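Paired with subunit B in one complex and with subunit C in the other, subunit A is shared by the two complexes that follow.
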Partner chain A sequence: MGLRKRYRLRGVGTAVRHITAVDDVSIQMSVGETVAVVGESGCGKSTLAKLITQLETPDAGEMVFDRRPVRVRTRRERLAFSRNVQMVFQDPYGSLTPHFRVGTLVAEPLRIHRLETRPRLVSRVAEVLESVGLDAEIAKRFPHELSGGQRQRVSIARASATRPQLIVCDEPVSALDVSVRSQIVNLLLDLQRDLGLSYLFISHDLALVDHIADVVCVMYLGRIVEQAPAREFFAAPRHPYSRALIASSPVPDPRRRSPAPAVLGAVELGVAPAGCRFRKRCPLAVAICAENDPPLHAVAAGHLVACHRGNEFGVPTAFPEQSV
Partner chain B sequence: MTNDAVAAQSASPTLDVRGLSVAFRRRNGLVRVVRDVDLTLGPGEVLGLVGESGSGKSILARAVLGTLPRQAEVLGGSIAFSGGDLMRMPPSQVRRLRGDRIAIVPQEPMTSLNPSLRIGRQLTEVLEVHRPEIRSKERSVRAVEMLDLVGVTYADERLAQYPHQLSGGLRQRVAIAMALICGRVELLIADEPTTALDVTIQAQILDLFVRLQKSQRMSVLLITHDLGVIAQTAQRVAVMYAGEIVEVADVNDLFASPRHPYTRGLLDSLPRSGRVARKSHLPSIEGSVPSPSAAVRDGCSFADRCAFRIAICDQQAPPLDSAGLGRSVRCHRWADLTAGFARRDALL
Partner chain C sequence: MLSVGLMMLTLLMLFTLLTPLLVPIDPLGISAVDKLLPPSLDHLLGTDELGRDQLSRLVVGSGISLRIAVAATALTAIFGIGLGMVSGQYPAIDIVVSQISDSLLIFPGVVLAIMILAALGPSELNVIIAVFVLYVPRVIRTVRAAVIEYRDADFVQAARSLGASDLRVLVLHIFPRAIGPTMVQLSLGFSSAILVEAGLSFLGLGAPPPAPTWGGMISGAREYIRTAPWLMIAPGAIITYAVLSLNLIGDGLRDMLDPRSRAAGQ
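Presenting the complex of A and B:
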């Protein structure tokens, strides 16, 4: 059983409805590896991030970290876990407490985890700030005095200060200006190399995922519908939804203008149809897709796909042309 | 340069912005957010306006629409639209143009649509204001036709729905329908029209834009920070940095051989498979986007982030130089850098 999380929808009516945000998701990660989770809004990728960092409790499923089952029932257990698994959020404006100075913000994880004695704290904070490319002087400033890129560096400093093994990054560059994004991407790559970090990297930017990920997981309405080594995923995506995502991503090259978009309509949140949950938008749906929910099955080593027709697309082929 | 683009420029332009400067009044004086901008948009042309936060691109659009915020002040310049100067027209006349011959599709359809009015009412209201000669029964028919045209399914049922009942993509389609319903739009300003949308929906909306632009023969000013969207949609591109236009070129020329170091830096920094090894460093522009309220420096506004800065860049502001057919660049060194860039590109 993979991870599962249901939320109760609060409505005015009497009927209680639930939405399954993450539905039987299994992911394995190795040391120093980057696993990217891609998908559109409402697919459950941020809920998955909260489950993995134990900010939310799963309704079903279990997690093993460093060969031990994860338990965070006591404060001590939670501390031990959060020292090793940290998170970087999308919005560097909302994720830093505005009335703390940068120095206090970066010292906080070191104090909570008792990693540094008070006399050494200041010099350690300076080291951590320098490791993310910031001048130690910035410790005296407040978040609002910093640019978006500097703020995200502070968030990364906070996350990496405890020397974690895994950092969950939820869209870490999408709120930043285009000209500073690559600086932050480079910083994440450097930290991974220097500290042996693993990243769970949540993003909707497929070009970026192609650059930094070792493994790609595609989520759709709470499920993983395709999982593959990045190189193989981008060379030969099997699931029609993965292929639609790739085809829809605007390529920054006017000589490669893509034809009409490949999928129909939009996700209807919380309403997974019977059978395959993608079938109503799928240009390739056939009768069986309405009857059985396709299981996630291996089509090649390390390449899993949840599609009845996933075996038909070993080599990249063109989508049938569709009009909107 | 494509034949279309040449044709578009030789005809008299739909929109001609000359020397436009806009400033915000602040306690400590004026902050210039748009500085001496020249911009031409030909009939039936899609011009992409690229810039980061604070580059002045949205203020430029609002100046054209006549919807500048109260604390903004136009310091000079003209905005010619089909013969008249929008800057010198009485506000009532600009209001009549807006929603009729000049329309906007905003970034956030949730905030631009009135949450307490049904879709049908919002659409017919535009007709009531701008086309009073159309009778009320006919207005609803027109609204349904318009929703059909922009790909909204079950159009007649949608008229009774409220904006919150629609998905983001559908709301954006409704916003496009509102922009076009008068049927006389010559200039459509789209300010980050797909930024709030998912990629598959973005692709559908961009495709719709391109088809409508052709069928309605409009000029489109497409404002975005997303170079992918520009490459897929625009015919010509203007790049803004710190309130100034720093480069203008045909879309193919701009992406094939960017001439301003900023444009070049932006394009190089995009992860593109095949151009840099996986997991290797991406080229990046040092520093960060200047805040509009920061003091305007002497010389070139990009100099402190530029890898090619020389002494003159700190002393003199570079002019927007003509750099070939339909191209212009605001850089002291564009000519000698172009040769060097060309050599490097040949190696790639």
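Presenting the complex of A and C:
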């Protein structure tokens, strides 16, 4: 059983409705690996991030870390876990406590986990700040005095201060100016090399994912619909939704016209139709799609897809619809 | 506004603390010969119907008033902030705390205070309890609202993901965001405490006689308003002064801490 999370919808009516934000999601990661989770808004990416960092409790399913099931019932368990699994948030403006100075913010994980004695704390904070490319002088400033890129560096400094094994990055660069995005991405890659980090990288920027990910997972309405090594994913996506995502990501070439929309309509959040949850928007849907929900199954080594017709397309690069 | 209020409050405290050093204070000394004297050099604010020095009574009364208000406000701050944080954080506790504090808010303020003193009997301690019960729900609500507002904020989630405990998150990350509105409530509560204390002692429910209280002095002066109006004017003026200074502080704090009303004031 993968991770599952349902939220109760608050309404005026008498009927209690739930929305299943994350539905039976299983992801395996190796040390030093970057797994990217992509999908459109509302597909459950951020909920997945909160489940993995144990900010939310899953309704079903279990997480295994270092061969042991994760338990965070007691304070000691929570500390042991959070020391190893950290998170970087999307919004660099909201994710730093506004009344803390940068030095206090960066010292906080060290204090919580008692990793440094008080006299050593200041110099350790300076080290951590320098490791993310910030001047140690910045410790005296407040978050509102920093630029977006600097704030995200502070967030990364906080997340990496305890030398975790896994950092969950929830769209860490999508709120930043394009000009500083690559700097932050390169910082993440440098840290990965230096500290042997693994990243679970949530994004909707496929060009970025192509650049950094080892494995790509595509989420749709709370479910993983395709999971593949990055190279294979971009060369031969199997799920029609993955193909649509790739087709819709912009290409810097003015002669290439943007292709015709490869999916139909917009997603109805939380309302998965019977059968395949993608079928109402799928240009390839056939009768069986309305009857059975396709399970995630292997089509090649390490390549999983949840589509009845996922086998039909060995190595196609273009959509049949695209030529129309 | 804030600085004027703080200055006025400081003057009141200096008056309370320093006057006994400058003039002989004897709030209880009865003298049939000296009764109902108008202000003079011997008795700067005159004497009451029992020949007691009004200035002495006013100074001692202001000590009682401030003591009660400070004690009640301190209690309100401790319990209001504590319960507010806990009930904002834990929905199960919130149900109990909010039901009780909301039902206390139903009663018109002074009526509730009268009920409490009627049940407990008049004494300084019971006035403190009554004022506390009257104002603690407001502080609970203010703190609770701030906790709920920031409970799911990104910076709180970020702190939690670092491994911060509930207590750490509440005290260091969330509560500082609530200090402004809480200070406003507490300063307004302080001024209301003085007013409620005066009202209760006016009704004979405050510190029992012969302790000189501002409310009690006004109450006793009613019969002599035509013949000795200074008996009423002095305690009336000082109550107005105290409440005004604290309301100025409260409004000043609110303007300082709320960017919207600061912009509107300019």
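In the analysis below, the second predicted complex is superposed on the first by the 318 of 324 C-alpha atoms of A that agree within 3 Å, B and C clash if a C-alpha of one lies under 4 Å from a C-alpha of the other, contacts with A are read in each partner's own complex, and residues count from 1 in each chain.
The rule is short, and it goes like this: a residue touches a chain if its C-beta (ideal position, glycine included) is under 8 Å from a C-beta of that chain, and two chains touch if they have at least 3 such contacts.
Just so it is clear, the structure is predicted and the values come from calculations on it, not from any experiment.
For the composite obtained by overlaying on subunit A, subunit B and subunit C can both be accommodated side by side without a clash. Contacts of A:Glu40 after superposition on the shared chain: subunit B is touched, whereas subunit C is not.
By the touch criterion defined above, A:Arg73 lies against neither subunit B nor subunit C after alignment on the C-alpha atoms of chain A.
By the touch criterion defined above, A:Arg118 lies against neither subunit B nor subunit C after alignment on the C-alpha atoms of chain A. Contacts of A:Ser155 after superposition on the shared chain: subunit C is touched, whereas subunit B is not.
More subunit A residues lie in contact with B than with the other chain of the pair subunit B and subunit C.
When the shared chain is aligned, subunit B comes close enough to touch A:Asp253, but subunit C does not.
Of the two partner chains placed by superposition, only subunit C is touched by A:Gln86; subunit B is not. The least CA distance from subunit B to subunit C in the superposed model is 13 Å.
On subunit A, the surface touched by subunit B in one complex and the surface touched by subunit C in the other have no residue in common. On the subunit A side of its complex with subunit B, the touching residues are 40-41, 147-150, 177-183, 185-186, 189, 204, 206-208, 210-212, 230-231, 234, 244-245, 247-255, 257-258, 260-263, 265-267, 324. By the touch criterion given at the top, residues 50, 53, 55, 75, 78-79, 81-83, 86-87, 89, 91, 94-100, 108-109, 112-113, 155, 158-159, 162 of subunit A touch subunit C in their complex. Residue ranges of subunit C in contact with subunit A, taken from their complex: 153-165, 168, 172-173, 176-177. Taken in their complex, subunit B has these residues touching subunit A: 52-53, 151, 153, 167-170, 198-204, 206-208, 225-232, 251-252, 255, 262, 265-267, 269-273, 276, 278-286, 288-289, 291, 305.
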